[in-house]
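Have a look at these structures, which come just after this line.
Both complexes below contain chain A, partnered by chain B and then by chain C.
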Partner chain A sequence: MRHDYVMRRLLLFVPTLLGASLLIFILLRVVPGDIAEILVYQTGSESSAIQQKQVQQIRAELGLDKPVVLQYVDWMRDALAGDLGQSYVQRRPVAEILKERLPRSLELAVLTIVLAVVWAIPLGVVSAVRQNSWVDYLARMLSISGLSLPIFFTGVLILYCLVRFFRWLPPLEFVEFWRDPAENLKQLIWPALAQAWYISAPIARLTRSQMLEVIRQDYVRTARAKGLAERAVVYRHALRNSLLPVVTFVGWWGGRLLGGLVIVEIIFSVPGMGSALAQAVAQRDYPTVQAMVFVMALIFLSLNLLVDLAYGWLDPRIGYS
Partner chain B sequence: MRALASSLRCFGARQPLGAVGAAIVAVLVATAVFAPALAPHGPKEAVFTPYLAPSPEFPFGTDHLGRDQLSRVIWGARLSLYVGLVSVVFGVTLGGLWGVVTGYFGGAGDNASQRIVDVLMALPPIILALSLMAALGQSMNNVVLALAILLAPTAARTLRALALSIKESPFVEAARAVGCSHWRVIVLHVLPNTLAAYIVLLTVNIAYAIVVEASLSFLGLGAPPDEPSWGAMLNAGAQAIEAAPWMFLFPGLAISLTVLGLNLVGDAIRDLTDPRLRGGLG
Partner chain C sequence: MRAVRRISVFLAVVLLVGLGAGGGATQEKPRYGGVLTWFDYGDPGRLDVAGIWSGLLHWDPDDPAKITGDLAERWRASPDGKTYTFELRKGVKWHDGQPFSAADVKATFDRILNPEFKSPKCGASLKPMVASLEVLDRYTVRFRLKAPVVSFLGAIASAWCRVAAKHVLEKYGDLDRPEAQIGTGPFKFKRYERGNLIEWEKNRDYFVPGLPYLDGVKQYILVGAPTQLAAAKVGRVMLWDTWPPMRKTQVAELARARGNEIDTYQWPVNAIYAIYMNVHKPPFSNPDLRRAVNLAVDRQELVEKALEGAGVPCAILDPKLVGDFALPFEEVAKIAGCRQPKDQDIAEAKRLVEKHYPNGIDVEFAVRAVGNYLDRAQLLVGQLTRIGIRGTIKSYESAAGYAAFGKGDFTLIATQDRGMNSTDPGDVFHLVYTTEAGSNYARWSDPKVDDLAARALRESNRERRKQLYWELQRHILSDAPGAVAVGWVEGWFFRDKRVINYKPAKTAYDNNTFMKVSLRE
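Moving on, here comes the complex of A and B:
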């Protein structure tokens, strides 16, 4: 049974990934104005016969004159062979850009998740254990305010305060973790905090509602009845059993986060994948967008799959059918 | 009237945070509806000195083009609410109907539709929205359309799961046994039973849609630049935050309060419709 489930999930994995990349591929190609026009008309002059010829020449060079489906097949074939193509704008291999940008965004994402979990789970627990007390209201207000303050508001405010009161300046040059861990963390901690503040809200809320449900179960009553200390009841019996959906949610968010970092990366000038992707969409740099979306969807789907499988392992009551 | 007042009081006593949220939403709706009467100036009127600090004449100051910031924030309420409401009603309704119908009939059609939902949900929402906006072009209607496309898959998935369980219930079997057609069963028996979930989806997603619209405008790919979108105002404000912090502060507070109010109301509705969360520790 379990084997079948894993197989079925794996079989669905590839078509979903292909579908997602095809969708972005088509979307980008219905965009009015392609890269050839942008390259040639950038001076803002009137279009002339020579320029039109240039546009056609560039299109032919890049293979943009072929039917979209053929272009996609070409791209896929090269990608499978490990060649992600050349960035139109940066004029270097997309793989190189990815290798540079992906680790930064991954690091930011991991830092964000860790900060969010460390803050949100205790908040959710306290809120549930003291339901409807002032502590609960305060904790709920805190987490709901995290959800209500958009990242582009809090992010800029944090940046402004840092600059104004601490003379902190957004780095001109990004320092990689392996070159100088302390400097690197100093650069990433603020964007991670801003983003964590936002995503901690749903985690705290989910922890709270799960705890509320579990704390009314018979085995929790039994634990209390046999005279266990409240701490042990809450942490060993209730919290452990409420964390499952929280784990799923955090895994899901983790996959989602890579794409969600766009705004925070732009505000704090972190040269990660999100900011590169937003820029590439604006510049119609198809190969870059294509490869980045593909990688993001791949990570998202893999994490989803892992979380699903881990779920059955963590909770043996769940059967896969 | 008295019954309404007393049920409002009852709601306020049981859900104090929800009542606060409802009050905020009521102010927002009033601001949006009466924007032309409330705003002292037009949202696109650029007739004053740029970067004026808040004063009795311009309580929220003026922006970089010399437009009255208070008027733009007020008109922004209308824009946000319009985008939030229309895209959510459109996206959640169509997505939900799609999910219910495909889930009810099942088979290959259902399977295919679930795969489409998988694909849409595999893409990071902001990236999908950015690509959609780039493809469709910048206009208010396209923002609404992009948001609806973003929201529909979740609604389809949630309501489909619900339809699957309703389909198996005895009253559906009974309705089929007395000769109701499938469509009659869907309209009269399945859809009404998804109503509570549908309403929760609507309330939860309006806040989300408003934030995504503002994010898109903040990135410069949302509403056309001269529209009074809070996101676009925040973007302009962020550029001038040293010289004119009011340009950033007021639209930011407006959107935060709006989203807070909507979230509080959504929470209260969810608590009320979920009987497991009622009562004390037991």
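Moving on, here comes the complex of A and C:
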């Protein structure tokens, strides 16, 4: 049954991915300024007949003079054959850019989620178990502050504190994890912290409200009545059953994170996919944007599927018919 | 007698110590080694900013006001001033080991002078001057000018006019890609991690013996101002000297954090701050409307608020850079539009707008979302509302903005700085104001401007040349130009005191070869 479910969900990926790629393909061509114009006029030169001719030449070279539908068909055909195209701006295969940038952003996203979960779930639990105590108020205050402070502010605040109190700054030169894990973490821990503080707020609040609901259920009272230790009651019985919506939320955030990391990537000088995507959009580097959005959509859908599959593990009553 | 002797010995010691200290301060011995670090605010359009290429001539790194030979050992002008002959250094090698020769110079300048090639800096300067270029022998080239031009050597010495390798141009077609970064300069391109850093390493075969001192240069890509400031505060970046300048408050914050470890200074960035009106589109196809804007713009307020006072309001030429070629302040301050208070000019501007648009008019103000351009645009909206021009801001990403401006797809550009190719007074006119100017986004064509600019370029008598430029400035400031000159841009910069012998040039990039720069331990 679960196998059929997974297959069905995987098949549903196809129209979703097609829709996402088509949407971004059209949107990119609707916004003003195309890559040919940007390449010709980027140095700030004034238009002339010669430059208009150059624009036409570049459009022809890049196939931008064809109807949009044909351009899309060409792109999709190549993508299915494993060729994501060449970046117009960087003049190298988009696959190479993805290979370089995607692992960095994935690492940052995983680190962010781990930090957020490790911090937010215990905070939510403590807040619920000690409802209306000073611990609860403090935890709620921390959650609210994380939610209400924009990420750019939190990021700059972290930078400011590091400089002000320690006269230290994370490395500016990015080092891959496999080359020097310590140096890599020295750089990534801070943007992960800034982003994690923001997303930990709703996770903590959600955990708290779910815990408050579950903790009043009969089976929890029964667990207490039969003499189980409070820790076992809270963590084995109450928390596990409170986690379903939390898992959904974390999974959803995990998918969103790849694109949403752009601000912390810029503040902490991490050359990841978020900043590359922002730059590619600004320069109308169509193949790069299309490929990145496509990969992000794929990751988002895969994470959603994993979250759905995790439901069955968390709550055996859930079936996959 | 003993007392006199003691005093004499004491004075001698003081004098010797004083001389030693003074000598040490002015003549600090350069040290070999170290990597200089600085930053850019985004991935650059060009990767050669740290001295990959050399020029025929360049501005002397020891005295940035003086032109000296770089790849050219000697040069001479013909008596009529219409030809310049350059004798090139022998034994110079490109970074890939190929020999340098006159053919490389010809390939470089033929490319720049090609009418089909876009070169808004070097090309904009040289195209009005140079008729042709010929190779006399393997190490001699001759430029034939259209007319005698006194500013020719200054233009050739610009960092925008460096010499590229013929074989590289033939292989790659352009110099944008990392593989094409093959020059003859003091530093070789090492690597480019897009969005993170560019790195150059010492060229051990550099044609000037003993140079450079540094082992390398690293330029971090730091997009956000808070990141740039934080990096400067902890000493990870050692200098900033180009556009966009730092804000006054940022420099003050940096000075508080670093104390006497850094020097901060205010310096011109050799760029004009202009407001462009598209003369081929209503309402600014009407000279009355352009005149109204020219009258109403409060340059003093824009410089004071948008540039935090770092600029010269109403200057088409900055006296700090071009001396008395700039129209005297006393005269500028009396010209309508530049004079204070503004009441009389605003009333006249309002009358001109009402004459054609009794209920006022809505206009889209285009602006590239870079630096503090959006703040500048907001200020302009406020100023022009007073005369009935109601502005709405349309912001563009940097490159898309240039594309729109280049095509003429705008009504008014609220702000745009244009950096000069050299410090020659003629540069600004050939870059912004003449019909063929490289950045004449307004498409303004005024025969008087073209004539005066061309005559000034050919005029060899300094006094007559000055008068021609004065006349040009008067005309542009008081007419209905396509580009309103808000003023000349200056800014705040810093330099870490570990950096020795770094002398900012008057034009951005001219000083950035770092050939004589060294670092203290």
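In this section, the second predicted complex is superposed on the first by the 304 of 321 C-alpha atoms of A that agree within 3 Å, B and C clash if a C-alpha of one lies under 4 Å from a C-alpha of the other, contacts with A are read in each partner's own complex, and residues count from 1 in each chain.
Note that a residue touches a chain if its C-beta (ideal position, glycine included) is under 8 Å from a C-beta of that chain, and two chains touch if they have at least 3 such contacts.
This one's a predicted model, so the numbers in the text were calculated from it and none came from an experiment.
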| item | value |
| --- | --- |
| Which superposed partner A:M7 touches (first chain B, second chain C, both, neither) | neither |
| Which of chain B and chain C A:S145 touches, first, second, both or neither | first |
| More chain A residues in contact [chain B versus chain C] | B |
| Touching partner for A:F268 - first (chain B), second (chain C), both, neither | second |
| First (chain B), second (chain C), both or neither touched by A:L212 | first |
| Which of chain B and chain C A:Q90 touches, first, second, both or neither | second |
| First (chain B), second (chain C), both or neither touched by A:Q51 | second |
| Which of chain B and chain C A:A276 touches, first, second, both or neither | second |
| Which of chain B and chain C A:V293 touches, first, second, both or neither | first |
| Which of chain B and chain C A:Y160 touches, first, second, both or neither | both |
| On chain A, the residue positions that both chain B and chain C contact, one per complex | 31-32, 156, 160, 266-267, 281-282, 284 |
| Chain A contact footprint on chain B (complex, rising order) | 16-17, 115-116, 118-120, 122-128, 130-132, 134-135, 137, 207, 211, 214-215, 218-219, 221, 231, 234-235, 238, 241, 245, 248, 252, 255-257, 259-260, 263-264, 267, 276-277, 280-282 |
| Interface residues, chain A side, partner chain B - complex | 12, 15-17, 19-20, 23-24, 27-28, 30-32, 131-132, 137, 140-141, 144-145, 147-153, 156-157, 160, 209, 212-213, 215-216, 256, 258-260, 262-263, 266-267, 277-278, 281-282, 284, 289, 293, 296-297, 300-301 |
| Contacting residues of chain C [partner chain A, same complex] | 43, 45, 115-116, 118-121, 176-177, 193-197, 218, 220-224, 226-227, 230-231, 233-234, 236-237, 257, 396-400, 402-409, 416, 418, 437-441, 443 |
| Contact set on chain A toward chain C in their complex | 31-34, 37-38, 40-47, 50-51, 54, 90-91, 156, 159-160, 162-163, 167-169, 172-174, 266-269, 271, 275-276, 279, 281-284 |
